[in-house]
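Below are two complexes that have chain A in common, paired first with chain B and then with chain C.
Moving on to the complex of A and B:
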């Protein structure tokens, strides 16, 4: 058995922050190796060191038995290492073929026909199919992930690093992806998967390495562990039992979505005659792969896009006839998808950001005058609610990490007695404890009579935290009558019934 | 702290520039100060620059807070001055003075409005549209005082003059300081309080800093943009009007000596704090007035003041807009 990758005593400091400390990683050639840990555990940092994107402060590593020291990613690529990061690097306006070749063109001139032939051969080997002349913007998330893997093969990578490869995929697509990876491994490749989804680790990987807080915790064959033990190793303490919630079946409707049709950005219908309701006190999860119309549904609820058809009724109030400002006054609160662009003003202090969206409501304003004192207190309270780590609430929002911004934004959304909470990927960037805290915060508001709609691309998260799950697929809302993962998975790809 | 840093840069640059120009730095700096602050007459001249720079600076500053780079203050200043002179000359007494200033505010707002509308509704950049509006304002106002509003009793392209007794009074004699200064100071303080203390002020700055987040916070960002541009234009128009009723008494072709453009520098140096408009406008005014003295006394070309201001703004912008390293998440 030979080692494809051996990293020893890796340390990395960003200024005063010790992101990695004495971390080891041994990956056997021809296997799928899982690297697990919470957000901020250092998984991605370790992989970026291996990929030559950043340099380790301490430690050494060997690739295929050879000491390696990459000046940059180009060096790593020459050594046969490839990496697909969490955010795809595909340029939507280019064709699939152009994306495939980008940065690794065969020469100064490009023979498209020869290139396409080689691309097709690579795809066939993996059992993929591509329309090479189509724009990459037409790809589904699963298609984009496949193209990313082909990009690695195009570059002749033998050691592939995949960072959260299934984050955007449906259960069926995830299984198919691992099927392809197993085939690659059978052909002699080595795969390192960075993930936080334990079922995947248990089902598809041979070995697992656990990191926590930038430190190496353990490495063992998957066969010798179980999900409960892994979860405990990842978090560092025993997991508390899931909180028990009971939602009265006969609770009155809080929100009714009736025959809702919303235009997508290409002019097609992104939400198609959706009808469902949310009861008072209920947390409803919306499952579905990315781009199934969740975004447009939320836009319609918030008021940033117009309805083509249908009604939105909150209590006995026609939501869709009112402005965003009026909806906020009625108690709509959003935890937005993109906190940088939609949730905060990054150059502003936490204190100023505390009022964003609540700026007209007492106690933050008295009439049209800003109440500094109240805003100051509110900011402190919002930061405290989900343990936002910050260097003072007068510091700019940009000084916070993404996860901490998310905590603050969640704290703000729950601050002034929300009535309808719209949460788009509320756990994004949060560790397991923080995710639970945010959901518990949402439960608290629900017990006071609010309701919550949660969109997540992580079905396991929804299964764990939501009272009921509905599914969106191609703009159509379906309501599975079971909480079975496989049943919901079939709804997500539209093969239910 | 920020002001001291700024002052340090300014002093260094003054010295540096003078050395380059081949003059004795200490002597030249002395005549610069002497010529701008050293006597009642010098101070009077500096104040004449300071007042319009300050108000026009407020106009630019206000738009900047709303995320708009209003290069059109020069045009709004010109249109405001023309309209003020025309109205004041046609109405009797004090009524003319007040009506003239109000009309100038309306004219400035209307002159800025298209730029705001195009930006908010069509995404057209306000820099382009305001530059074009500046050119139109310059040509139209010249045509106006060459044609319909020309004083038939005079050779040049100018309106008639307002009765000096009906101009804006002074609040101080020797050096004579016009009440326009008071108006300017009130504007700065008013804007400072409005932006910092009121909900509309907060919303305007939110729309300027992140329109998407502002929209989700219930703020009608396009409306705020259009309104902010119009208000900025109104302030620019008032700056022009005050120049007529406080100092010139008339409007003539080539009325503005570039106050609207200098105001861009004044506002940029102020950063996000309106109170820094005071030292910032003072710096511009002192250099504008003092540079005439150093040309006469020390033989240093007057243009050196522009070199200094230009360097200052470049250095300041380099510090202020430097790239902040992206955080590892």
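Moving on to the complex of A and C:
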């Protein structure tokens, strides 16, 4: 068999940080190859080098047997390489057809009818269906992923790189995606999938390459390994058994959400008459594909958006009648979805960031005066809690990597006796060990009487860490009566009977 | 009947420079570059057209020089905002200030008080071009590679870059178009008037920008906004000093009419506005 991609001794430094060191990758033509590793292992960096988006510091690579050195992505595209990044490169304001063509238009002028015809043919070949003149903002995450694949086909890509392609998809959509990929491979394409989901690797891929901490660990056929071994190779040590948690039965309600309706940014109802409760000491996971109303639910709980109707009861309090400041005082804590936008001020020091949201409460404040000493201690404590790596708490937040910022933000959310922890994708950017630590931190607070609502698009994460799982689909909350992956998956796409 | 003809003619005379400038702004802002310097570019074009036409006796050379001056200022905006990451508002204000001072200086230094008449430009050609331009631009963005890339870069430069488009290149071309159209608008203003007076664009670059925003950064509604403004401006000129419904309103009130009427007329008609998502993004 011939090699579609052969990378040798690849190294990449960002300033003083060595992101990749002497990494090898060999991908056989006509196969699905999995590239696995933890967040920060260098998977995406390696793929961006192959795609010409960044340049390697050391090493060489060959594409289809030819030595390759791409100045930019345009060069890689010409060589038949296509990449779908984790955050889709679909522009929501443009139509689906425009998105499909962008960067690879048929000529100076565009004959929309001819383009649409070719687009439809490509879509039919894959069994997809698109309204080509609709705006891309109307696409579901699964629809966007399909459009990304068609974009690769439109560019006649033969080597396709998909970075965490199933991160935003429901289980059923993930299976459908791999079905499409297998069809492409049968037609002669080569697919490299960057993923951290081992079941997918075992089920759908032929070979697997493992990276850890920017270094090459091993490469082997999937048939010759098993999930436990892979997990150990990825983390670098044996996985401890999952911690056992006992949730008190019949505990009293901590939070009751009654008939909650919240407006979305398009003016429609993003949360529709949601009713559920959270018990004291419980960690409840909210499953669902991106954009199912999780965001708006959290905003309503935090108080950043108004309710259309419904009630939010925390203990004896009517949460919705109180300001954001009062809710924080009652013990609401947020690990926000987008830490850059909502979690931290990047140009501020860790110390200043430590007080964000908690600035009114003792010991951080004495009356209206800031207690510098206490803030200093608080920042140190928050950083220590989940082992944030930093160069001093007076350094700006921007000097931390994304994963370390996330650790700090999680540490802050668990500071000063939280009562209700709202965590939106708390494991974002964290490796397996850190993810477990954060959840253990949440458990600890729950044992003291708090409760936690966790949103994640990764169902496996919720299944692993949450006591109970509810599902949001199109703004409607449902409560599956089983922890079975398939049952919850059906709820996520709204076909539960 | 005569009044009606005057009204139509006035609408065209006042509206066409606005259309040219607003569509000029369209290219810049659609590519993601905030541009409050339409005014400055128009102003530098008026004085250049005026002086060069008189010096050479050739209106074609005069207009070409005016357009060149406007392009030069536009390129300056590209350089400051795209290469040196200066805030586009600051850059725009600087360009307006430079243009204002330069136009004043050039006028004082080079205008000959005893000069002969200013040769007329083919106004009809300008008018037809200006009125057709929004339709041409509409076709351009819908049916060409350049148009698609313009919208893509203005919407999300990072994603466009991932798809192999070069945002800085696209913006460079867009700002050349802005320069050309603002230059034409300046030439039209000086030609309509037949002579140069100090600060003769009188804020029309800002009105054009307002029309662009009011038109939701879309060429045809922008055309409507410019025409509506021209129409109401001419209307208030004609109604000034006359009695309407038995009331003679003060002049200042009439002067408000075009602004208020345009706003009201279009706010209801155009519906939801959508700012280009990548406006101002590096």
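The rule we apply is simple: the second predicted complex is superposed on the first by the 497 of 497 C-alpha atoms of A that agree within 3 Å, B and C clash if a C-alpha of one lies under 4 Å from a C-alpha of the other, contacts with A are read in each partner's own complex, and residues count from 1 in each chain.
Quick note on the criterion: contacts are C-beta pairs under 8 Å (C-beta built on N, C-alpha and C of every residue); 3 or more make two chains touch, one makes a residue touch a chain.
In this text the structure is predicted, and so the values were computed from the model without any measurement.
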item: First, second, both or neither for A:46, with chain B first and chain C second; value: neither
item: Which superposed partner A:89 touches (first chain B, second chain C, both, neither); value: second
item: Touching partner for A:98 - first (chain B), second (chain C), both, neither; value: second
item: Touching partner for A:254 - first (chain B), second (chain C), both, neither; value: neither
item: Contacts of A:119 with chain B and chain C, given as first, second, both or neither; value: neither
item: Chain B versus chain C as contact partner of A:73, first or second or both or neither; value: second
item: Contacts of A:108 with chain B and chain C, given as first, second, both or neither; value: second
item: Contacts of A:304 with chain B and chain C, given as first, second, both or neither; value: first
item: Dominant contact partner of chain A by residue count, chain C or chain B; value: B
item: First, second, both or neither for A:356, with chain B first and chain C second; value: first
item: In the complex with chain A, residue positions of chain C that touch it; value: 142-146, 148-149, 151-152, 155-156, 159-165, 274, 276-277
item: Complex interface listing, chain B residues touching chain A; value: 196-203, 206, 209-210, 212-220, 324, 327-329
item: Chain C-facing residues of chain A, complex; value: 53, 72-74, 77, 85, 89-94, 98, 101-105, 107-112, 151
item: Touch list for chain A against partner chain B, complex; value: 14, 19, 45, 302, 304, 323-329, 334, 336, 341-348, 352, 355-357, 359-360, 365, 368-370, 398-399, 401-403, 429
